[in-house]
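Take a look at the structures below.
The following pair of complexes shares a single chain, chain A, combined with chain B in the former and chain C in the latter.
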Partner chain A sequence: MSRNLVLMLIVAVLFLPFVPLLVWSVAEGWYFPQLVPQQWTGANWAAVVSPGSRVLQGFLQSLAIAALSTALALVVGLPAGRALGLMQFPGKGAIKLALLLPIIVSPLATLMGIQFVLIRLGLSGTLAGVVLVHLLPTIPYMTLVLSSVFANFDTGYETQARSLGASPAQVLWRVTLPLIAPGIVVGALFAFLISWNEFLLTFFVGGGRVLTLPMILFTSLQGGNQGLTAAIAVTSVIPALIFLLFSSRALQDDAAIGGLGDV
Partner chain B sequence: MTAVQPLKTTAWMALRDVPWRAYLLVLPALSLVAVLFGGGLVLAFLQSVGLLGLTGDGGFSLAAYGAALGDEQFWRSLGLSLYIAFTATALSTVLSIGLAMLLREAGRWASFACQLTLPIPHLVGIAGILLLLSPSGLISRLLYSLGWIWISSDQDFPLLVNDSANIGVMTHFLWKEIPFMTLILLAVLRGIRPELGMQARALGATPWQCFWNVTLPLLRPGIVSASLIVFGFVFGNFEVPFLLGSTYPKTLPILVYQAFTNVDLNQRPVAIALGLLLSLISIALIALYLWLGSGQPFRRRLGGQP
Partner chain C sequence: MSETAYCAMQNLTKRFRGVPAVRDLWLDLHQGERLALLGPSGCGKSTTLQLIAGLLPPDSGQIVLDGRSLVGIPPERRDMALVLQKGLLFPHLSVGENVAFGLKLRGVNRADREAQALAMLAQVQLTGFENRRPAELSGGQAQRVALARSLVIRPKLLLLDEPLSALDANLRGDMQELILQLQADTGVTLLIVTHDQQEAVVMADRIALMFDGCLRQVDTPEALYQRPSDGTVARFLGGVNFFGAVAAGNRLRLTDGDSLTLDSAHQGPVQVTIRPERVQVLAERLCSTNLLPVTVAQSRFTGTQRQLVLTTAAGLELQAWVPPGQSFAVGQTAYAHLPPEALWCWPAAGNASVAVPEPELLSH
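Now for the complex of A and B:
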């Protein structure tokens, strides 16, 4: 009983910052002493969803960047996760630590170094340049989660399929991938969320030309329009929330989440 | 998490598991990270010492480091960054351990509750906390309408955002990182066999002894890695202290940002030198933490006892 109370209290506290966001997004002139706005408005939401709005463009750009960097991180994270999870080899600890550095060491210096090259390659301020630097945090998370998933994977299934005449490609497609699918979902969820939420990397490399949703929210936060800021903030949560709902079953995979506790 | 070794080891599998194959598998990920992260660091270093860049005569110079370290603001910022990172990490770690122990038997709902803040962008959390804690925020309005005497206008509400004690920053990090750490620790806890605790209890250990001598040591690797991720993140974070933090002093990442966006291009090497110092400090702290977290130094002091 008391445990349920604690749980409900946690959920309430975690949800608390959303209350003013939701109210502000539909409030008109909500001045100080008023606990409840006197007037309501749909103007903020109309501004967000109107065709050609910057918020909508930013939304699509963020979606494209997050999808691309997640896919790329998955492509290199799958083999790396397999090696780190299933095999023993000299230098494994050092390699794991090296793969982890981008998420525990401040990326600021690195970004300013990369920026120097991206300008010369004509990639500064482009979508491709932003996707490239988003690989810095997405690869480590993806690799960590997948290595933990592979550590609990029984390669006997693959051996059996091979002995029954399946080609290596068939084994990968029909046996390995379906078995680790929940782990892939968790890894992809983390990578997607990290790219979707990323502000600093986009800010340094995007040069103010790649306007992802966090960039637009940051600009709006520094302005004074609280209603519009709240509407943009609520919009920023939607895709991640949908992704989370779809993957809540996969998130029950302790091996995948536990990977972050096994650095 | 320990690797589950396959039961049957055929000749084919033995051949498959020779190290070169492992190196080949990690190569794409490792080389991307090495080129982006390592390459970025090298280029940053070359720019900071004047060997590469838009300004300067192309000669080696440590002037940027002199300017960065000679500025009193650097030391104040370093102190503030360390204070925020250590306090936020220590508080989230202790509270997450407590919460994970409390929710240990609460089942999947506990993990689901902890996932709530996982997908929320930091900027959204910042916006929410600003509208909640600022002098004209929701909590201030609530206290006002309840008729609390000490608050008669929004001027009377204590400053909780952009305050000198960085309460707003701390609130945001705790709100975001405690569920994240608890989620990891719950997953690790479920991997610990309950028999171990039961056995200790059956042999007469108190619940506290059982926690301190059985559960906590088993949980330690999870605690070390989760707190490491949180510390590294908080120490290098820019947007949270920039939007919620004190106006003076500023944290190190904000100092780097200000030097980088300065219209004076001569400030660029200083920005990069500051960024490299920030990376260097976090690498040193992480190395120290991993060394302490491995239990190695304590073991040695106790004379080789496990």
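Now for the complex of A and C:
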């Protein structure tokens, strides 16, 4: 019983802030003394789905960038996390520290240099440039999550699979990846959400030409249309919610976590 | 011997950072044989297993299996199967899928591999377990599934690495029985790596005893117990009675003056041993050869036997394990009969510099 109460409390704290947002998105003016808006409207949501507001375009653009940078972070983070989690080598501590640097150091300090390089490469203002710069915060998170997953990984499973006739590629596909799947889901969740919410890096490198949802949200906020801003804000939570629902199911699968200690 | 060898390890050497873990190892297995690689922890037996399985490359030497050299052949193409101490069932697959894993990799179609997996599960007495998850199994059941998973691919060589040491004593006996039964049914050639001499004796046709990266003696269990090549081997297998003596033909003169008869001829200074269970303790002088008058210094009942410590008038200490029915009081005088065929000796000099592993180290 008390566990349910705690759960409800957590849900309330997490989701209550969204209630005013939801109300705002369907209200026709909502001013101080009023407890509830006097008039309701669907105009804000109509604006969100209309091509003119470019919300849908930004949504898809954000989705593509987040998916790409998550996939690329995984490609780098999987071998790097394995090396950091399972192997001992000189300079391991320094590499871990270097991985944390993009998280510690403000992007403001590095953006100048990054922008300079990207302009030279002709990548400034392109989707590729934005994806590339999104790897800056996503790779460290992915690598650190996967290194802690691999620290609890028993390579005996891989030995066993090989002795049963699996090639290294088959071991990866049939044994290692299924066993670390929960860790991959957690790492991907981090990477996706970081990329999805990224504003500053996109703003500088995209140079206004790459329009993501946070940029559209920011523009709308500056425009002073609170109703539309609320509707866009609610829209921006949707993929995170879907991802969370999907991944919580994957994480609850005990059998999938069986190969690991505590993730 | 090497002409008929099914699996031959030739001149295997492996060093780690210059320190040899396995040195110049030659070992032959015959087809269908059960061989135990026995030794204390750190003796190089696990390294040897990894060399055979292809998990480590040897620094020199080669392994030949069924006429094919395995140099450069990766583990998955060696026609071997490995069962490790922890069963390591794949937790994301059902029991049935675990058993069928190797068959799936070999491209066996679904109907065939399911039929073979079910048949194999029946052989390890786990009929009806195919849909369970590995997490639902007990340690013994998991190890049986691991055996089934390895045997279903019909390996030329089955490698068992301390497969029973994680199980409790009662279960271990049943598992030994099951493995012997499976080996007899399938005829698979078996190499079992263990630190437990009891397990090696029960499971193996021959035992290869390894110390410090070198094979010390390869023999049948009986021969290892009755005719150890030196004191290290004898002590590792639970030998407790060791005396210095001088041999002249069939006669032995112990350093304290007693004299014994051997059933083989030796010359010069020797080390003599007799297994404690081969020493007969008599209340009266019933025979005349190799009879030493002794005093019972200690008597301990262990459930299945009575362990006596006897001392001769000259101060020689001798352990004898006699049937529990025989009872001796401490301080009582008796006669220890050392049958000539139970006495074994080797030249003393060769033994002098050999380090003897501590008994505590050997038990685990």
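As a convention for this text, the second predicted complex is superposed on the first by the 231 of 263 C-alpha atoms of A that agree within 3 Å, B and C clash if a C-alpha of one lies under 4 Å from a C-alpha of the other, contacts with A are read in each partner's own complex, and residues count from 1 in each chain.
Following the convention adopted for this analysis, a residue touches a chain if its C-beta (ideal position, glycine included) is under 8 Å from a C-beta of that chain, and two chains touch if they have at least 3 such contacts.
The structure displayed is predicted, hence computed values, not measured ones.
Between chain B and chain C, B contacts the larger number of chain A residues. Applying the stated contact rule after C-alpha superposition, one finds that A:Asn197 touches chain B and leaves chain C untouched. When the two complexes are overlaid on their common chain A, residue A:Ser25 makes contact with neither chain B nor chain C.
Residue contacts after overlaying the shared chain place A:Gln226 against chain B, while chain C stays out of touching range. By the touch criterion stated above, A:Thr212 is placed in contact with neither chain B nor chain C.
Of the two partner chains, chain B is the only one that A:Leu86 touches; chain C does not reach it. By the document's definition of touching, of the two partners only chain B reaches A:Ile10; chain C does not. Look at A:Thr159: by the touch rule set out above, it reaches both chain B and chain C. Applying the stated touch rule to the two superposed structures, the overlap between the chain B and chain C interfaces on chain A comprises residues 154, 156, 159, 162, 254-255, 258-259. Interface of chain C with chain A (complex): residues 53, 55, 74-78, 80-82, 84, 86, 88, 90-92, 101-102, 105-106, 133-135, 149-150, 153, 159.
Of all the residues in chain A, the ones that touch chain B in their complex are 3-4, 6-7, 10-11, 13-21, 23-24, 32-35, 75-77, 79-80, 82-90, 92, 95, 98-99, 101-114, 116-117, 132-133, 135-136, 139-140, 143, 148, 151-156, 159, 162, 193, 196-197, 199-200, 204, 214, 217-218, 221-222, 226, 229-230, 233-234, 236-237, 240-241, 243-244, 248, 251-252, 254-255, 257-263. Touching chain A in their complex are the following residues of chain B: 1-4, 6-8, 10, 12-13, 17, 19, 21-26, 28-30, 32-34, 36-37, 39-47, 52-53, 99, 102-103, 105-106, 108-132, 136-138, 140-142, 144-145, 153-154, 175, 179, 183-185, 187-188, 190-191, 221-226, 228-229, 231-233, 235-236, 238-239, 243, 253, 256-257, 260, 271-272, 275-276, 278-279, 282-283, 286. Listing the residues of chain A that touch chain C in their complex gives 154, 156-157, 159-167, 170, 174-175, 178-179, 181, 254-256, 258-259.
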